[in-house]
Every structure is written in structure tokens, then in C-alpha cells.
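Here chain A shows up in two complexes: once beside chain B, once beside chain C.
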Partner chain A sequence: MQVYEEQDFVMIPLAMNAFFYNIPVGTDKIRYSNSVSIGEKFLAILVQYFDKVDEGKYIILDLQDTDYAFHLFQKLKTITRPILFLNIISETLHDKIKEDLPTIQFSAEQRYAVLNISFDDTIKEICEKYSSSVISHNIYVKIVRNLIDDIPQNPVEPQKLDSSGLYSNMYVNVKRLFKYPENYYSIAFGLAKKIVDSKIEYDGLISSSKNGAILANLLGMLLNKKVIHIIGLGPKYSMNTGNLQKEIKKRKNYIYVFDFRCTGTEMKALLALISANEAYVTGATGIAVYKSDQIDIVNNNLMYLVDLKTENIPYKIAGEKEDIITLMSKQQ
Partner chain B sequence: MINQDYQKFSCIKNLVEYKDIFHELVNFYGEDLNDKIVIDGSVYTLHDFNNHCTDIYKIISEVLLDSKRAYSDGLSSKELYLLDLAVLFHDISMSCDIMVERTNHSQKSAQKVQDIYDDTESPLYKKAQLNQNDIKILKAIILAHSDVKDGSVPVEKRGLNDPTLRDDMPTRIGSVRAKLLAGILRLADELDITSDRLGNTNIEKNLKSVREKFLDMDMQVRSKEQEVNQDKYEKYKKYVESLSHWEFLHLFSQVTRESQDDIVYLVTDDQHIQNLLDSGSTSAELARKILKVYDKVIKEWREIKHKTIDDSHQKLDVKSFFPVTDIRVKCSVDSVRKELDRQMDNIKNVKEVSMNQNTEKDFSDNGNATENKFSNSGNQSEQCVQLISDKLSNMLKREIKRRHLLRVGHFLLDDNFCARDWIDTKEVVETKVIVDDIVECFIKHIKDTCDLQKKYLVVGLDLEGALLASRVAMGMKMPFSYIIPVRDRLNSSPKETELSVVEYDGIILIVDAIVTFDTIKKALNDIMKSNQLGMEQMQEKITHIYSIFYRKNNLVNLEEMEGLHRKTFYGNDDFPIELFKKEECRYIKEGQCLALNSRLRGNNSNEMHSNI
Partner chain C sequence: MKKIIYINDYLSSSEFYGSILPEIQIVLKYYDKVDELIFDFSGTNKVEPNVIPNFLCLGKVIKSLLGYKAIIRIPDTYEGGKLKNYLYQMKFLGLAKESFDFESDPYTGFEGKAIDPLCGTVYFEQAITDDEIGFVFDNMVAPFADKYLKKYNELKLDNGQIENNVINLLKELAANAKDHGKSYSYASIHAKYSLHTIFIAISDSGVGFLKSCIEEHLEEIKQSGLDIRNEAAAIMYCIYIRKTSKKFGLYAVIKDTINSGGTVRIHSNNSQLIFTPRIIKNFENGTLLEDSSFKKYNIKNDLKFSGTHIEIEVPF
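Coming up: the complex of A and B.
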């Protein structure tokens, strides 16, 4: 179960988790949808999970982008611990919860509700703090933090970034993400949501790195879109330029998919290539960026889950190996 | 209109006191079976009386039963009557509706017989001279003629294993060997595989036109260009599935039994086979199709023999009138016959290897030092690689041709070989309609063959393998990773090349195409070193290797593949590859290979992307 924990709370984004648990093992086609249905099976798993949480902790359920069949939430009547329901956006959902849990208390604006506890100022504060997407975002940050490999300190071996020729003090090991099904499901779900919510018009997805290609591939399945992989850009000359002209259609729009964008060198090369083929890149999406305030051509449509700088992850880059070693020593 | 040919066969002629009643029942219920299913104004049927039931009577009379003994000392008159009735009614549920599930049609047919009998106005009730016990026996035979596969009947109670089906079921005038009769019906039904069953060609033409419509609909569904009538789509899909069965029927012209050795022969229609070869089918492909039918028949025969003859306390008596000793294929087209022999040998060899494995286990269980009988058993040839699905194979062949994905030219394969053509597997994995089917097949195969309690890692080799692995793993909710081939390591960061496998019980490896197994071997050697695993541990860890294409070649002997080929499953092998040794290759200019897939570098290195 994907959860975010703080001292007194366990926060569970239901849409992200239901997306994972709803899909039976052996499904060959998985599609993203704006609203994820909470079914009996997932609810049973959720209730089982509640039993593992410390007695003293409140459960916070983020209901954004979810729905369920009538009467399902009646099963929560048996839970005695405090539960906070956040982001009850739709009226239908609101009515269903009200009917299933008669003792539930709603906030003034009807967007939040509490069970087995009163709606006091502290609770109101918590509800407002964790408005839409905050809980999911915290989970993405947690996932990304687990992907970051610190560079060995003795001897110091900075990471060389092949695409730009720069050096960094950390390596974002996206390959590791794929070893944890719940994690890559969550990331794929999050990126698909970003793309759909952005309402960008696009005909396909395009990638230029191996991990980017895998992410694009999964997104292509979830969103039922064509995917093109152009591997070997940047300082290395691609052998596939002959095929490129065949694959990239004129006047078509593409979203560029990356795993981790540091300086954006690969993206720039790809944008130039796409442009040369009279097609367009209308947006870019990926797991993480080094910093989002870089100015580039897709700035307005840059969709990412985690900004390392904003999350105070001390990722650094430098042009020379010695510079990054100096930076790393200062950090210590 | 009932075709009266059925009356010529000995199993009908010898009905004696039941003959007239039987003809009445045929005239009444046979018409029901001959009722047509309408497709777009044309007609279609596959389980009718005039073709299918008549064929079965012929097979029973001329192939399965000894005409001298069967009706004098063999089957009693009641047994013969019930057998003939079972043939008449066994597919009655299939006759009227294409949407009836094949998985439980025997159950439905048995129920229909009961429903007909319960109608006191029906000829079956009024004229057939059957009582409730007889109907019970008839239903049991009909139920047992085809395994119920919809999950409602446990495996151990299906078909001839049904505990209610016995060889001493009582009737008013003695007992009936219902199990034996069910066995005869099952085998005769299975043997109705010749073009006799096709009826006239109009039916098939209509089915082919439906297939065209279905393919258009399917394209619309996949690309979501417009909404389709869902009911019609599902119905057309079933017709197209039936068409694939019909296409098999063309392969055989007759089924005979040689009296000198009582071997039944499935005789191929050599003219048709030659036509198929002339229009582009390969001998391997045709042999595979023939063997697919043969395999089903021989399995059925062995089970029937075991359950109804060998198990019977009247074994010798039964054998005297049910004398079949074996079933074989007879084909006079040289190339196909050779391919049949080769593939048959491989099937036998695989079975021998399996038996040796069991022996090895026993050996080690006794605590004695084990000799590696497995590797010494010999004949572990390339043909142990297995095709996953004919449907996938046909689709891949069709799409490769339709989209011109087989590129002709000069290509580098690896350090040792050049090739004369190339499949654009990148395009294959980027094309939704193709990759969706591949992933579906791979996932289904994994579900059917892997122990899902174990912890697997799905690993893709190179980009195309990685893309497929990601889809398969996501569908199976398994962890996945990828291997960068040794030749590409220079272009990747060390972190990207790392792969830890120790914590997993098994590895499912996915690649795009296999030619020499060389890249797989190198990748696995690398994993072994980095994970400090021995060869045996590594072999054990790799449980399955999936490849879209398996490209047989003229130079590399795959017998030394250290068991990898036995775990290999592929989508298509219709594109053999012609290899040339690099040192003998003529396409070199100023020391540099002129392969189309060479990287355009300033140096002379011949790095390559390649099929594996």
C-alpha cells in the first residue's frame, strides 16, 4: 500500500492505490481513467491495512479522483479509529458517503469529512494542509528519494552525465524503480494523470533514453497512444535517423517523456530533430527534474512529479570533475 | 433434407430391431441439426447431420470397428442403438447458435436430450423405445464425448473420468458399456477432420467474407476510429475462430485403417498441401499445422485406449472388435513429410529427456552420487524451442509482410556473422496492434506455466526486450529490469548496466529475436559474474526465455546451447536467416563493413545493433 506517514497520521491516496489493486494479475492491457473506482476487493485490503496501523494514529483518506458503488463504505462503520476523508469533490461521492456513514461530519464547504472524531480547528488545519495532490506528491518524493544513490566518498567518483558531459554528486537510479511494482505503477499513474489533466493536445509520446523509453511505453499503454523511441541522441549520433523521418509524422504533436531531466540537453537535441521533421513537441513529462525554473521551450508544459531543488535534495552539477569534488567536500 | 448416405454404413445397417425407429428419429432430429445459422444472408454450419454425423457413422463403421466382429460378438444391439443415437444428438446444442460456448456444449447437448425426452409429445419419448435409464446412459455418453472446460466440472471428473460413466450401466435387457461407447464417439468425433466435413465451398466462401469484415471491424476497435456494433463484432469473431478450424480440415483428405496392422492413418490432401507450398507457406508451417491436429487425435486415442480398452476387464473382447493399434499421419509431399518426421522426432526426444530427468531425481533421492544424465541424454536440439501460439505466429507473419518489416540488405549480426536480411523489431514493438497481441500471448503463457507463488524478475534484453518486459511485468505485477548487451556497454553508465538477481526465485528473459543465442549467453555470463552465481545456479534461475522471433539459420549449431533452448518460447519462426561468416563477407570497403546497421563513426569499430 502506498502511504505517507507523519507522526500522528497515515495518509493514503485512494486513487493511486485502487489503480494498483484493481488490476488483476495477468491483465495484458491497462488503461488510465480520470476516475478510479474503489471496489470491494480494494476496500477489504484497505480495512486490513488499517489493522496494521498504530492505534494512536489517524487515518487520512484522499478521495480525489475516486468513486465507488453505493453502500460499499458501509463496511467502514465497524472502524472505531478516527478517519479523515479529504477531497470529496463530486456531489455524487458526497451523497454516497453521507448515506453509507450516517455519523460522518462534513466540513462547511463539504469537501472534507471526519468519522469517529470531531471537526475541530486542528482537524480543519490538517484538511486544508493536505488538499488535492499533496499526499500523492509526498509519495512520489518518497519514491524518488529511494532512487537516489549517493556517490562513493572515498575515493570520490562523481557521476558523469553522458548526455551533457557534466558531472553530478548523485545518481538518480531510475532503473531501480522498476523492481518495485507498486512504485512504478504509482509513477505511471501520476504521469498519466499529469498528462490528462494538462489537456495538452498530442498524437504520441516520444523518448530518447532507455528509462524514458520504458516510461513512455507504459504511458503509451495507459493512454492508448503511439510511442516512438529515439535512442542515442546527444553527443552520440543516432543510427536511426533514417527511420526517424519515417516515424515522426509531419505536423503531429508529441509529448517528450524523460526519466530524470538534469540540464535538458537530450530534450533540446530531440526538439531540434522533431522540429526539423516539421512536427511539434507540445509538452514534456517525467519523474523528476533537477530544477524546474530552467527556461526552455516547453517550460509552460513541463509536467513532472518531483523537483529535486524544491524538495531540498542536495543534487549538484558542475562542468569539471574537480569542481564537483570541491562542491561535495564543502557539503561534508 | 436428410442425405440418406448414412444408411450405407455398417453401424446403421446392423441396427436390426431399432433400424426403423432410428430412421424416424434421424428424419425428425437430423433436420434440426441441418438448420442453418445465417450470416449476412448466407448460411453456415459445422455440426450438421448430413456432413458431421454422417462422417462419424462412416468412421465408426470403416475405421474404428471391425465390420465382422463388431455386430455379431462385439456390441449388443442396445449398445449399437445408443451409440448411433449419441452420434445423432451429441452436438445438438451447437447446431442452432454460433454463440454457444464450445467449452460446455456436451453438457448443453445432454441437457437438451433430457428436455426433448421430457416433452411427452416428442418422437424421442413416444417412438424411441427408451426408458429413463436408457436416457441416463445416452446423456452420460453425450456428456463424456467432450470435456466440459467452463470450470463447472473439476478436471478429474471430465470426459471419460466422469464417475457416473461406467461400463456396466443397467438397462432393461442387460448392461451397457457406456464408457466404451463414449470412447468410440470421442475418437470418431476427433477423427472427423477431413475435407468431407466441409460440405460445399459456399459455406467457406461466406466465412472468408465474414473474416474480411471482421478484420475491418477489429481495426476500428483497436484504433477506436469509430464505434462498432459489439454483438456483431463478437459473433464475427466466433465465425472467424471457426474458420481457422475449417482451414485445418483442408489438410486431410481421408482417415483409413489398414487391415494388416490396424493402424489408422490420417491421410493428407497432397494436392492442397502442394498448392499451399506454391503460394508461400513453408513446409515447417504446414507440418506444424498437421501435427497440431495429429497431436490432438493421438492424445485422445491414448486416453481412450487407456480408459476404455486397457482398463476394461474385457480387454481382449473389446480389442477384437475395436482393433485400432495406433494412429499415424500419411503424407506424400516430400518436403512436408521430412519436416513432419523431424518434428515428430523432436517430440519424442523431448519426452525421452523428460523421462531422464525423472531418473536423475530418483538417483539423487537415493543419496548416491549423480551422473548428469540430463546433459548426456543427447538430442537436445534447437527444435526443443517451442512455439507459443499458432494464432500469434500467423499474425506476426501477416504483419511483417504487410508492413514490409523484413529489410533485405547486408547487416551485421555480431562479431562473427553477417546476415542478408533484418526484421525491424523496433517497429514491431512500437506498433500497437502487434505488440498488444504479443504481450497478451506472453502473459497468458506465463500465467499458465509459471508458479506464481514464486518471486520472478522479468528482464528485457536490449531496448526491444526491455519494452516488452515492461508491458509483461506491469500486466503480471512483477518487478522488471533490463540488460544492456555487452556490445553497447560503452554507451551506458555503469549504474545502468547493473543487475542484481540473487533475491529472485526465477528470471523470465524477454528478447526480440533469437538467431544464435550469442547475445543471451554473453548477457547471462555477465549476470553470473556480477552476482557471483555458478553456471548451474544461473541455469536454474532462468525459467523462461521469450522471443518474438526465432530465426533458424544455416551456420550455427544450437545443440550446444546449454539447455537454454529448452526454456525458450517464441512467437514466430517463419523467417529463417541466412548467415555469412564475417571473415568471408564480401561487403567490406577499406577495412570497414558496409552493413546498413553499422554506426556512422569516425573510427573503424563495427558496433552494431542486432537481432540476438
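Coming up: the complex of A and C.
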């Protein structure tokens, strides 16, 4: 279960979690939808999860972009502990919840609701503070932090960045993501949402690294778009099969899918390549970026989940091995 | 003897009930004299999407009653190619293989363009779970919603609502078929962008409303003193059981549909009830069966076809 936990509460974004748990075993066709249906199986898993949460903590359910059928929420009647419902935006969903849980109390603007508890100032503050995007963002930050190999000890052992030839003090190990399907699907769900919400017109997805290709393949399935993998662009983990010239179609729009963007060297090379083939890159999307302020062609449409700089992750890059050691020792 | 049933230029729901079903009744009456049954689509240009589940159910019934598959004849002409293309895209051809034979290869000679992005037919076994039904419909409707409905939703400032309503409607109907009808079911959907109408149909070969209503609500019916002896009364009783719910059940489905200018047709074993926006007041008051014009124009009896068949046309 993907949750965002603090001292007083546990927040559960239902859309992100239901998306993962709705997928039947062995299916080969999944589509992204702006509205995720909560299924019976997921609700049972959710109710089981409630038992694992400390009694003193509020359980907060983020209902944005969700819907359900078959009087499913009647199953929550048996829960006796306080539950908060956030972001009830759809009117239909509001009416359904009201019908299934007669004791539920809605806030004046009907956007929030509480079960087995009354509204007080603390609850109101939580409701106002946590929009759906804040909750999911916190989860993405947690996932990305887990991807970074242990924050290096002193002395620093610099990592060479293959595409740009620069050195960094830590390594964002995206391959670790694929060990945990739930994290991987949550990331894919977040990226698909970013792409759909951006309303960018595009005909396909394009990737240049192996990690990016895995992500692009899943996004291609979710969004029902063609995926192209570019050969020989990333230096170490590049794709080495396929035929680039045949795949890129003239005057078509593509979204570039990357895993982690450091300085954007690979992206610039890709943009040049696509332009040379008379096609366009209308956007770029990936899990995390460093230097999101960097000016480049897709800057306006750079869709990422986490920016390492704003999350206070002490990621540093330098031109020489020695420089990064000096930089880190100065900071310590 | 070979029996050929000629299908009209436009195979609509009324054509199915009014013309094809009576002919099938004759075939069943003289079953020992008929050893080959052909549905001839030579003169057919169009098929209404809502007829597809009915037709698939009919094929299964014929196969089980007569012991052989009926034959579909679609000629290898330009018009026939267009019809085949439509039936292919509605996923009819794939599902029909089980209960029909085709006189010529149905997968050759397609003509015409691709149709609207949201169209298709699905088959559900009785043993399927509600979650599995939900997953099928979510995946079916989502790409269409992203491409078309969203633009429409933005105009209406009601984001995601139409998509959710359509998905939930399909889920409720398919779950009803397996829970109450105790049968397999076929469901089809076609959102015709040119007509701004979504056609939804679900057919099953289950027990129908009357039997399931008596099995499930016998005590309540006895206590209420209602006289429920025919399918029409049973349909109305089942609809009003869930009247208290604004968002779930058949009452909500019919009310929402006719409120938005749509039509609902419910057929159970031998009766068909047609709900149109005209009857909204009597429907809400629960006095429909006392309305003589409803009885005259909106209830059709003697349309023998086992199971429950629900057709909905919702404008969007």
C-alpha cells in the first residue's frame, strides 16, 4: 500500500493504490483512466491495512479521481475508528458516499467528510492543507529517496555519469525500482497522469536508455501509444537493437521518456536526432530531475515527479573526481 | 428443409423483436422439419449496435435447442464488406464463431473506415467476479473517455462524470445478469459520435425478472399484497425495490437516462417495457402500470425470447 505517513496520520491516495490492485494476474492490457474504479478486492486489502495502522493515528483517504459501483462503501460501516475523506470532487461520488454511509458528516463545502468523529480545528487544517497532488507528491519523493544508493560516507566515492562524463556524489539507481512492482506502477500511474493532464498532442513515446525504455513500454500500454527506442544514444545502458530511421515518422510529435535526468545531455542529443528526422519532441517526462531550471527546448513541457534540488536531497555534480570530493567535504 | 430468414436493410431493435423473433418461433415450432437455418444479410446495410448482444444470445439459444449452429450469410460485395468491417470492429465476428457458422470467410474483404473509438462487445461467464467485470469496462471506456469525452466534459464543466456513469451503468447491468439472471451475458457498447448517443445493451439467457423476483422477494411480495403474475409487473417491482437509491440500481439508471432524453428498453422472457422521457412523471410517481397509454404503447407482450435484454440509448 502506498501511503504518506506522519506522526498523527496516515494518508492513502485511493486512485494510485486502486490502480495497482485492480490489475488482474496475467493481464496484458491495462489502460490509464482519469477516474479509477475502486474494486472489491482493493477495498478488502484497504480494510485489512486499517488494522495495521496505530490506533492513535487518523486514517485519511484521498478520494480524488476515484469512483465505485455496487454499494461498495457500505463495507466501511463496520469500521469503528475515525476516517477522514479528502477531495470528494465529483458530485456523483459525494451522493454515493452519503447513501452508503448515512452517519458520515460532510464539511460545509462538501469536499471533505469525516466518519466516526466530528470536525474540529485540527481536522479542518489537515483537510485544507493536503490536496491530492501534495499527498501523491510526498509518496513519489519517498520512492525516489529509496532509489538513491546510500548517501555516501566520508571519504566520498564519486560516481561517473555515463552520458555527460561528469561525476556525482551519489547514484540514482532506477533499476532498484523494478524490484518493487507496486512502486513501479505507482510511478507509471503518476507519469501517465502528468501526460494526460498536460493535454500535449503527441503520437508516440520515445526513449533512449534501457530504464527509460522499460518505463516507456508501460506508459505506451497505459496510454495506448506507439513506443520507439533509440539506439546507441545513451553510452552504457543504451538500446542496441531496432532501426531508428524507419521508426521515426516525419511531422509526428513525440514525448521523450527518461528515468532520471541529470544535466540533460542525452535529451539534447535526442532532440537533435528527432529534428534531423523532421519530427518533433513536444514534451519530456521522467521520474526525477536535477537542475529542472535548465533551459532547453522542452522546458515548458518537462513533466517529472520529483526534483532532487527542491527535496533537499544532497545530490551534487562536478567536472572532475577530485572536485566532488572537495565539494562534499566542504559541506560536511 | 432449409429456412432462410432475410434481414432488412437496417437491422434495428424493433426489426429484431418484430420480425426476426416471430420467424424464429415458427422455426422452433417446426423444429423437426428444419435442418438448416440461415440468416441472410445480403440486403442489409446497417446493424444497430444494441441488437448485437441479442443476436449473440439468440445464436446460443438456437444452438442449444436445435443442436446445430445457424448460418450467417454476408455476401462478398462492397456493402457486405462494410457490414463485415462494422461487425468485426464491434467484436461480433470473434464472439459469433461459437454459436454461428459463416457461409463465407467473414474476415476478408473489409470495406469502409474505422468506426468510433468506443465500440465493442464482451462476453461474461456466470462465474466472473464484480472486479473482473469492472476491469473489463474500465479498460474499454478509458481510452475513449481520454480522447473524446474529456473535451465534451470540459464544455459541460463536469469532469469525468459521463465516463463514470457509463462505466457504472455497464457494471451494474452485467452484475445483475450474473447475480439475478444466473447466466452468461453479452454486453455491447457503441458511442456514436455522429449522433452524440451512447448505445449500451446487455443480454443474458437467464431466468428473467419474474422468476428471479419471486425467488428473491417472495415474502416481501406476500406482505405487500401486490399481484405480480407477469413479467411486466415483475420488472416494475424490481425497479421500485431500489427506488430509495439515487445512484445505484435500475431505478437510478432509468431515471438518469430518461431525464437526459434517452431511452431504456427492458425485455424479459416475453414482455418488453419501453421507457422514454415522455413517461418521466408517472415513472417517478410509481403509477406507470396504471397509465393506459403506457400499457398501450410502451408494453409489448408476446415477444418470446428467453432471458433478460436491456437496451439503453443515452445522449452525450
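Some notes on this structure:
Following the convention adopted for this analysis, the second predicted complex is superposed on the first by the 314 of 332 C-alpha atoms of A that agree within 3 Å, B and C clash if a C-alpha of one lies under 4 Å from a C-alpha of the other, contacts with A are read in each partner's own complex, and residues count from 1 in each chain.
In the analysis below, contacts are C-beta pairs under 8 Å (C-beta built on N, C-alpha and C of every residue); 3 or more make two chains touch, one makes a residue touch a chain.
Fair warning: this is a prediction, and the values are worked out from it, not measured in the lab.
Once the two complexes are laid over each other on the shared chain, residue contacts for A:Tyr180 go to chain B alone; chain C is not touched. Of the two partner chains placed by superposition, only chain B is touched by A:Tyr171; chain C is not. By the touch criterion stated above, A:Thr310 is placed in contact with neither chain B nor chain C. Touch criterion met: A:Ile214 reaches chain B, while chain C stays clear of it.
Touch counts on chain A: comparing chain C and chain B, the chain ahead is B. Once the two complexes are overlaid on the shared chain, A:Asn146 sits clear of chain B and of chain C alike.
Once the two complexes are overlaid on the shared chain, A:Ile30 sits against chain B and chain C alike. Contacts of A:Asn224 after superposition on the shared chain: both chain B and chain C are touched. On chain A, the surface patch touched by chain B in one complex and by chain C in the other comprises residues 23, 27, 29-30, 224. Residues of chain A touching chain C in their complex: 22-24, 27, 29-37, 39-41, 65, 67, 69-71, 89-92, 95-96, 99, 196, 223-224. Only residues 224, 424, 426-427, 430, 432, 436, 439-440, 443-444, 446-447, 452, 457, 463, 466-467, 470-471, 473-482, 484, 491-493, 495-496, 498, 597-601, 609 of chain B touch chain A when the two sit together in their complex. The part of chain A that touches chain B in the complex is made up of residues 20, 23, 25-30, 149, 159-160, 162, 171, 173, 175, 178-181, 184-185, 188, 210, 213-214, 217-218, 220-221, 224, 226-229, 231-232, 236-237, 239-240, 243, 247.
Of all the residues in chain C, the ones that touch chain A in their complex are 129-132, 134-135, 138-139, 141-143, 145-146, 150, 159-161, 163-165, 167-168, 171-172, 175, 245-248.
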